Every structure is written in structure tokens, then in C-alpha cells.
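Two complexes, one shared chain (chain A), two partners (chain B, chain C).
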Partner chain A sequence: MFEFLKNLDRRWVFLLMMLSVAIPIIVIDWLGLSLPEKPSELARNVFDEIDQLNEGDKVLLSFDFDPASEGELGPMATSFVHHCAEKKLKMYFMALWPVGPQMIDDSIDRVIDQYYDDLVYGEDFVNLGFKSGGEGVIKVIVTNLRELYTTDDKGTAIDDIPMMEGVRNIRQMDLIVNVSAGSAGTKEWVQYAATPFPDDIRIVGGCTGVQAPLLYPYIPEQLPGLLGAIKGAAEYEKLVNDAYEPDPDNPRPVFTEGLRRMGPQLVAHLLIILLIVVANIIYFVERAKGGER
Partner chain B sequence: MKRTIPLLITAIGGFVLVFAYFSPYTEDWGEKTMIWFDVIAAIAFVLGGGNLLKIHLKKTSDQAEGWGYSVITLLAFGITLLVGLLKIGVNPSPQFPHFAWSGEYRENGSPFWWLYEFAFKPLTATMFSMLAFYIASAAFRAFRAKNLEAILLLGTAFIILLGRTFAGVWLTDWMPEALSGLKIDNLTVYIMKVFVTTGNRAIMIGIALGIASMSLKVLLGVDRSYLGSGQE
Partner chain C sequence: MKTERIVWIIILVIAGAFLLYRASTGQLGRVYVEGTLNDFVVDYSDPDNPGGTVGKHDARVLTVDEASEEGVAIPEVGQPNRYQWWSYKEQSAKEFWQETGVIAVEPESGADPDAANSAAGEGAESAAGTGAASTPAAAAVPQMEYKLSIGRTAGLWAAALFTLAIFSFLYRDNPFYKTAESIVVGVSAAYWMVVGFWTVIIPNLVGRLLPAMVKGWSMPGIEPDFEWTYLFPLILGIMLLMRLSPKGSWISRWPLAFIIGTTAGFRMITFIHADFLSQIRNGIKPLYVPQYTDAGQVAASATFWASLENVLLLIGVLSCLVYFFFSIEHKGIVGKTAKLGIWFLMVTFGAAFGYTVMGRIALLAIRLEFLFDDWLWLIDPKDLHTLTSAATGGG
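Up next, the complex of A and B:
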């Protein structure tokens, strides 16, 4: 056994990882259960920033991610839209990533089209689509949105969209919500929007796990709240579901994706810890035998 | 001329943006410069596509190692571009029913939508998911408590790995309130807020100083490496 573990083929590790993710997905789906979640201060801050807005307030939602990180960021994007729809906020969607519009479509399909069909396109929400330039786009729209956005994503002239009336720049937004998988993303929104205009622009964000440590230095002055990866999404989901779901103990499945994905994450993390422990036992036994030093 | 004009564009664009940031009177100039930047960024997509074609066509014609992958890349690029650009299979928009190309390029059920849903989406998600397998394998092979630094790193990794799941809460929930700071979920927050933030701030300040000095060199034309060697 010791020799087997010492020379363990990495394909066994791959198989274990596959099972540790697949089995919880199947079991959670089968039982319809999810693990309990305790919201952190940062998730609460994100929730409070949106929750304190009033009906009709303007929120810019920039979905700067792609399908590669949908597993981590999709559930929080869904929850942001869920929360904004419940609060009856005016939602302005945009994207700094080329496939961002598809991510916006997914969220609109999952939330607005399914559960909030009373919301009207152009009056309650609008999709401004993708513009190239990353931080260049942010720098322009903080002073003049209409220079870059002459139409929405469908090609309708901005002047023909009722909710765009009087909107000159994004400093008029009551909050910016950014879901980010890299550059351009939350960091650029903080650097080029929130920092130069601290009195006008407030931002909350959600990001991938690898990005989160890079964004912590901006908390709390430049970035009041941040959802880090699927854990952050699950915490925020719980807060939104507790506050707005008709039956908080049994929320609608589309609004529990983050909570459900915490199951595979738990088992995968435990597997990694187990692998490290086993590898270190082997290392110390070998060292005691006079092997590697 | 080939080098002087780009140098001038960079210097003028850069200095205009610097002035626009500090002086409200020049805000409009900064806005115009950024719009040009965004236009150039859009053109960069064409440049990127051209470069991709050039590299992979050469690799294919030379039959260099792995040229089969280049053929697949070229085919995928060509088909996606054609289907998206020509809006193949897209119905005209209800607003403009007489214009064949007025529909949305990613309309549900269109060939472009099909390529995105059934090729691009699963492929990119798969690529990202593979990280989990490599992380597990690397953790098994490389993470050894060889010295004090490695032990500290291991301890931190265990706390964060547990703290980012329900296991962290479950394992230390029994602790009394007086020791709540030692609960794994609270320790995770403390590590992220104090140690990670401190380290990152130091790195970020260093990088920012480097960027400032590098930018000044580029704007003044001292550093011209971004223009390439000019030998091609």
C-alpha cells in the first residue's frame, strides 16, 4: 500500500477528483438539498448596498466574464438580477468582455423571463451590450455614455429607449454591480470609475477565487462589498433568498445554484487536504528511512 | 517616419490623458482620446484575427509539428467568423422585417447560437474545470512540510481550504464566544483581510511606482521597445 501511494499514478488523483465533484453533484441534485451557509460581512455589505436602494433607482450591471468562469460567477449574476428585480430597480446591463452579452442573455432568461415577466424591456431593464476597449470604455462612459453607446444590444437607438432618457453618464447610476473574471473587470471599475469619482460612484462586485486577494486592498473605501467565488455567491444567495423568496426554506431551484455548488467544493477541498496529508506522511516516512532530505 | 509617428501619437495621447485627469478644462480632450483608443481596440480584433491566420496558415503550409491543430483552429475561426458576420440562419428583426441582416447575430436556434452553446461554451468550461485536476495532482506531488516557511504555507492553505466550505463552520462551531476568533471561518476572514491585503498592498504600490516610471519613459520616447525591433 505504501509503495502504491508513493508511486501513485496521477490518473488516480484525477479519478478521485472527478468522483469527489461528480458524486456530490448527483447526490445534491437527487436529494434536492444543499449545505447551510453563514453569510460573511463582505456578502452582507453587497446585499445591504443593493437593498438600501429605492424602487426605480438605477443600477448598472456589468457582466465581464465568459463561459469558462460561469461555474463560479453564473450563480452570483443570477442572484444580482434576482435582487434587483425584487427591488424593482432599473437595470442597465453592459459587458466589457466579447461574450458578456451571452452571459447577460442567460441571466435575463433565467430570472426576468421566467419569474418577472411584468418587467418591460426598455422601461425596467436594457441590455447595452459589449464595447471593446476595456478600461477605455469605463473612462469614456464615466463622463459621456452616449459617445460610445448610440444603440442598445439589439440595435435600437438609445434615444428611443424610455429608461435611457436623461442618462448622460454612469455617474448618474445609483450603484454599479460588476461580475468579473479578470481584466477588464472589478479592478478596472474601481480604478477608473469609483476612485476618480468617489462621491458619485459606488461599486460592489463579484469575482473569481483567484481574483479576490487582488481586490481585498480596495475594501472598504473603494469597494464596499465583494463576493469571492462560489462561496461568496452562496452567501449572497442565502441573504437574497431569506429576504425575498416566498418560501425561504424552500427557494426556487434557479436561485440555489451557488448553495448547491458548495457541496462539490466541500468534497474537493477535503480531497486536496487528504492528498497533501498522505503525501506528507509518505515524505516523513521516507525521510525517517534516510531517503530524501 | 515609421517610428516617429507612433511615438508622437503615444506621447500626445498620453500627455492629453494626464492633463485631462488634473484639469477639468481639458476633460473633453481626454474623452476624445479615449474614444480613439476604443476605436483602435475594435480594430485590434481585426489585427488579432489577421495574425492568427498568418501564423496558422504558415504552420500548415510548412507542415510544422502539430499542424493538424492549426487546420482545426483555421476551420473553427473561419466557420465562426462566416456564420456570425453573415448572420446565417438569422431571421430579420421584427422592427425591420425587410432587411435580411437586421436580426440579432446570436438569435436562439441560429447556427452562431448553436456554435456558442454546443462548442464554445462546453470547450471553455472544460478548459477551466481541468484546473481542479491539476491543482489536486500538484498538491499531492509538491506540497511538502520541508521547512518552517512550507509549514506556515501548509497551515494557511488548510485553514483557507476548510474556511471556504461548510466544513470550517462545522468543525469549530462548538468553540465558545470568547474564542470565536479561532473559529476556522473567522480565521479565514482574518488571513484574507490582514495578511493577504497587507502583502498585496505592498506589491501593488511597488507595481504602481514601476508603472509610473515606465509610462513616463514611454511618453518621453526613452523606452521604444513597444514599437518592436523594426527589422521585419
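Up next, the complex of A and C:
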């Protein structure tokens, strides 16, 4: 056994990892289980920033991610739209990533079209689409949105969209919500929007696990709240569901994607911890034997 | 035959048998759509001049219902100025079964269940023999149809098979993985180019230089004025493309120098502001952070932990800075502080590693969810395609 573990083919690790994620997904679905979630202060800050807004306030939602990170960021994007729709906020969607508009359409389809069909496109929400240029786009639209956005994602003139009336730049937004998978993303929004205009622009974000440690230095002064990876998404889902779902103990499935994915996370993390412990035991036993280090 | 090959043959046979079984029961990767008939009339009549006509830019586009209400002549289907097309929206298998009467309609809370089921039965009758349900073209009700989408189903299967092809790399490099990888790279490059063309070059450059042409040709919504300053980006862009010319490639260095210069200046200011100065300011925190109870008393425990947080922050920042300060040899107190800095860095790297693992597991989970839910219909977290005996209503 020791020799087997010592020379373990990495493909066994891959197989174990696959099973540790696959089995909980199936079991959780078949048994209808869910793990308890206790929201952290960061998730609560994100929730509070949106929750303190009033009906009709303007929120810019920049979905800067693509299908490659949809698993991590899709649930929090859904919850952001859910929360904004419940609060009846004016939602201005945009994207700094080329596939962002599709992610926006997905969220609109999953949330607004399904559950908030009283919201009207152009009056309650608008998809401004993608513009290339990354941080350059942010730099321009903090002073003049219409310089870059002449039409929405569907090609409708900005001036023909009722909720765009009087909107000259994103400093008029009451809050910016960013969901980001990399650059351009939350870091650039903090650097080019929140930091130069601290009195006008407030940003909360959700990001991938890879990005989260790089964004912590901006908390809380430059970035009041941050959802880190699927854990942050699950915590935020819990807060929004508790506050707004008709039956908080049995929320609608589309709003529990993050919570559902915490089961596979738990088992997979336990497996990784186990593998690290086993690898270290093998290492120390080998060292005690005087073997190769 | 090698044992390994036998194992793989067994696995593939089992997987194939499972797929065949699921396919035979109809419980496997299908995409259904709900189609809506769009029916429009283009009205060229001039409202200010009875009997007169207007040009194509001033013509009105009306739905058939609107045209009917306004008394506008409605041409026959297929005739000029009458435009019809179907637009399709994905719907769940359960919605499809309900619309076509395979299962009973779930009544909304407070609704009469008998009435709902009777409506489902009517839908089934109209769908009989065609697999699609259509309602007649009533005055204000758009025509609808519900059907299996061959194209979207093929897309779903392609997505599932490409996912498996990419996963196969975990075993070893192979032609399936190479094919999937090449397709991803090719599709991504083409997608970026097309999106960049239609979202930036056309509306923001050509639309500014030739607004009338762009409005008439591709974007009737835009109303920009001619802006001559956009000639500069046009010229710079053309110069950049000279990189493709063997003799004129040096010309591309000028716009490149412009890009590098502006980006460097742009970022330098931002980093000094957002990362350097702001981080110094964010790092200056009180070491004693009193926390109070509701009665106004200092809460000792909460105060201790809040203060400890800031003390640790200060120690962490200083020790890490000392570690990266190489002008003094890391000996004595400086060496010990630097060593402490290494510990803080290790904790940071560990946290980053943990977050990365969490992210990667989430990505694996979504792919497996896609395979189990959308493709194999093994799970149904959103209750979209489970056909239970309790749900069937006699269809």
C-alpha cells in the first residue's frame, strides 16, 4: 500500500477528484439536501450596499466574464439580478469581455424573463453590450458614456431608450456591481472608477477564487464588499433568498446554484486535505528512512 | 490485448449501453423551443399627405394587429411589404410536455386544477400528429409552435462531447483533445474579431466617419454626427495593419509607440493613485479599536479582536516590506523580521492556493452538472425534465 501510494499515478487523483465532485452533485439532487451557509461580513457588506438603495435608483452591472468561469460567477450574477429586480432598481448592464453580453442575456433570461416579466426593457433594464478597450472603456465612461455607447446591444439608439435619458456618465449611477473573471474586471473598476471618484462611485464586486486574494487590499475603503468565488456566491444567495424569496426555506432552484455547489466543494476539499496529509506522511516516512528527498 | 485496453473497452461499452438505454426512453439531451410568429407590415403611406408615399427610411413598421387597427392595407403572406418569420426561444422539456399535453399543466396557486388540465388537453389535440402545438392567428394572440429543436439539440450534444474530449486529456494527450482544443482556439479568435468589428469598428469608427452609410446599411438605430477627429484613429489603425506588409512593417511601430506611451502613462498615474498612495492610506489604522456594548460600555473581547486585526495588519505589512528590502543584509533583527515576513507571505500564498482550488472545483462542478443535467438528464435540480408518473395527466 505504501509503495502504491508513493508511486501513485496522478490519474488516480484525477479520478478521485472527479468522483468527489460527481457523487455529491448526484446525491444532493436525489436527496434534495443542502448545506447550511453562514454569510461572512464581506458578503453582508455586498448585500447591504444593494439593499440600502431605493426603488428606481440606478445600478450599473458590469458582467466581465465568459463561459469559462460561468460555474463560479454565474450564480452570483443571477443573485445580483435577483436582488436588483426585487428592489426595483434600474439595471444598466454592460460588459468589458466579448462574451459578456451573452452572460447578461443568460441572467436576464434566467431571472427577469422567468420571474419579473413586469420589468420592461428600456425602462427598467437595458443591455448596453460589450465595448473593447478594457480599462480604457472605464476611463471614458466615467466622464462620457455616450462617447462609446451610441446604441444598446440590440442596436437601438441610446437616445431612444427611456431609462438612458439624462444619463451622461457612470458617476450618475448609485452603485456599480461588477462580476469579474480577470482583466479587465474588478481591479480595473477600482483603479479607474472608484479610486479617482470616491465621492461619486461606489463599487461592490464578485470575482473568481484566483482573483480574490489580489482584491482584498482594496477592502473596505476602495471596495466595500466582495464575493469571493462560489463560497461568496453561496453566502450572498443565502442573504438574498432569506430576505426576498417567498419561501426562504425552500427557495426557487435557480437561486440556489451556489448553495448547491458547496456540497461538491466540501467533499473535494476534504479529498485534497487527505491527499496533502498522505503525501506529507509519505514524505516524512521516506525522510526518516533516509531515502531520497 | 493489454489490460488497460480491455478496461477502456469495457468502460466505453458500458457508457454506450447507458446512452442507448437513455435515448430509447427519450430521457436524454433534447432541447425544445417555443416559436412565436412575427408578422409585420411595412406602411409607406404618408400620414401628412393622403394618397402620397414616403421613402424607406420614413416608412412605418407595424404588426399585423396594429395595421388592422389603423386600417392600413395588409398584403397577403408572401407579397411585398408583408414580412413573416419565426423566432424561437428555448423552453424546458417539462414546459414542452405541458404545452403538448403529454403531462398535465401544474395549476398556479389558487387556480382551478380542472381548468388547467382541460387547457392542456386542448393543446394536445392541436398538437396531434405533428408534434407541434399551434394556436390559430387570433387578433391579439401571436401564433405559437412548440417543437424539438434539431439544431439546438445537436449543439447540446456537441458541447457534451467536446467537454468529454477536453476531459480526456487528464488520461493522456489524444486526437479528441487536440481537435477540441483547436476548435476552441479557432472559434474564440473568430468570435473576438467579429464582435470587435460589430461593436467597436462599425459603430464607433465607421459610424462617426460615415454616419449616413452605417445608418442605412447596418445600424438604423445610430444617430451620430460626422466627427473628423476619428480620422486619427483610422490612420493609426491603418498604420498598425502595415505590420502585415513585409516592406512597410516599420510603419506599424509608430502607432505601436503611441499605444505603449499612452498606456504606460495611463497606468502609471492609476497605480500611483489606486495602489501606492491609497494603499498607504488604507494601511494607516488605529491599533486600539474600542468596541462598545449597547449600554455604551467597552466590550473587552470584541475590542481585543478588532485591535488584534489591525496590529496583525501592521506587523504583516512591515515584515513583508522588510523581506523585500535588500539594501541591508538580512541578519539579526532585520533577518528575523524578514523571516516573519516570509511566514506572512506563505499564509497569503496558501490562501491564494485555497481560493484557486475552490475556483477550479467550481468549474469542474458546473461541467459535471451540465453533463448530468442538460445532457444525461440524470439530475434535475431545476425541475425541468423529470417525467414522473405523478405528473402525467393521461397524455
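Here, the second predicted complex is superposed on the first by the 292 of 293 C-alpha atoms of A that agree within 3 Å, B and C clash if a C-alpha of one lies under 4 Å from a C-alpha of the other, contacts with A are read in each partner's own complex, and residues count from 1 in each chain.
Note that a contact is a pair of C-beta atoms (placed from the backbone, for glycine too) under 8 Å apart; a residue touches a chain by one contact, two chains touch by 3 or more.
All values derive from a computational prediction rather than experimental measurement.
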Tell me the contact category for A:Lys6 with respect to chain B and chain C: first, second, both or neither. neither
Identify the partner contact of A:Val254: answer first if only chain B is touched, second if only chain C is, both if each is, neither if none is. second
For A:Arg171, select first, second, both or neither according to whether it touches chain B, chain C, the two together, or no partner. neither
State whether A:Leu16 touches chain B only (first), chain C only (second), both chains, or neither. first
Contacts for A:Asp105 in the overlay, against chain B (first) and chain C (second): which applies, first, second, both or neither? first
Looking at the overlay, does A:Thr143 come into contact with chain B only (first), chain C only (second), both, or neither? first
Of the two partner chains, chain B (first) and chain C (second), which one does A:Glu37 touch, if any: first, second, both, or neither? first
Under the stated touch criterion, which partner chain does A:Ile25 make contact with: chain B (first), chain C (second), both, or neither? second
For A:Ile276, is the partner it touches chain B (first), chain C (second), both, or none of the two (neither)? first
Find the residues of chain A that appear in the contact set with chain B and again in the contact set with chain C. 14, 17-18, 21, 68-71, 99, 131-133, 136, 139, 148, 154-156, 196, 209, 212-213, 217, 229, 231, 265, 268-269, 272
Would you mind writing out the residues of chain A in touch with chain C in their complex? 11, 14, 17-18, 21-22, 25-26, 29-30, 68-72, 74, 98-99, 129-133, 135-136, 139, 148, 150-151, 154-157, 159-160, 190-192, 195-196, 208-210, 212-213, 217-218, 221-222, 228-231, 253-254, 256-257, 260-261, 264-265, 268-269, 272
Which of the residues in chain C end up touching chain A in this complex? 170-171, 191-192, 195-196, 199-200, 203-204, 207, 219-224, 266-267, 270-271, 273-275, 278-279, 281-282, 348, 351-352, 354-369, 372, 378-383
Which bits of chain A are touching chain B when the two form their complex? 8, 10, 13-14, 16-18, 21, 35-38, 40-41, 66-71, 99, 101-102, 105, 131-134, 136-137, 139-140, 143-144, 147-148, 153-156, 196, 209, 212-214, 216-217, 219, 229, 231, 262, 265-266, 268-273, 275-276, 278-280, 283-284
Which bits of chain B are touching chain A when the two form their complex? 21, 27, 30-31, 34-35, 37-38, 41-42, 44-45, 93, 95, 102, 104, 106, 116, 120-122, 124-125, 127-129, 132-133, 135-137, 139-141, 143-146, 154, 157-158, 161-162, 164-167, 169, 185, 189, 192-193, 196-197, 200-201, 204
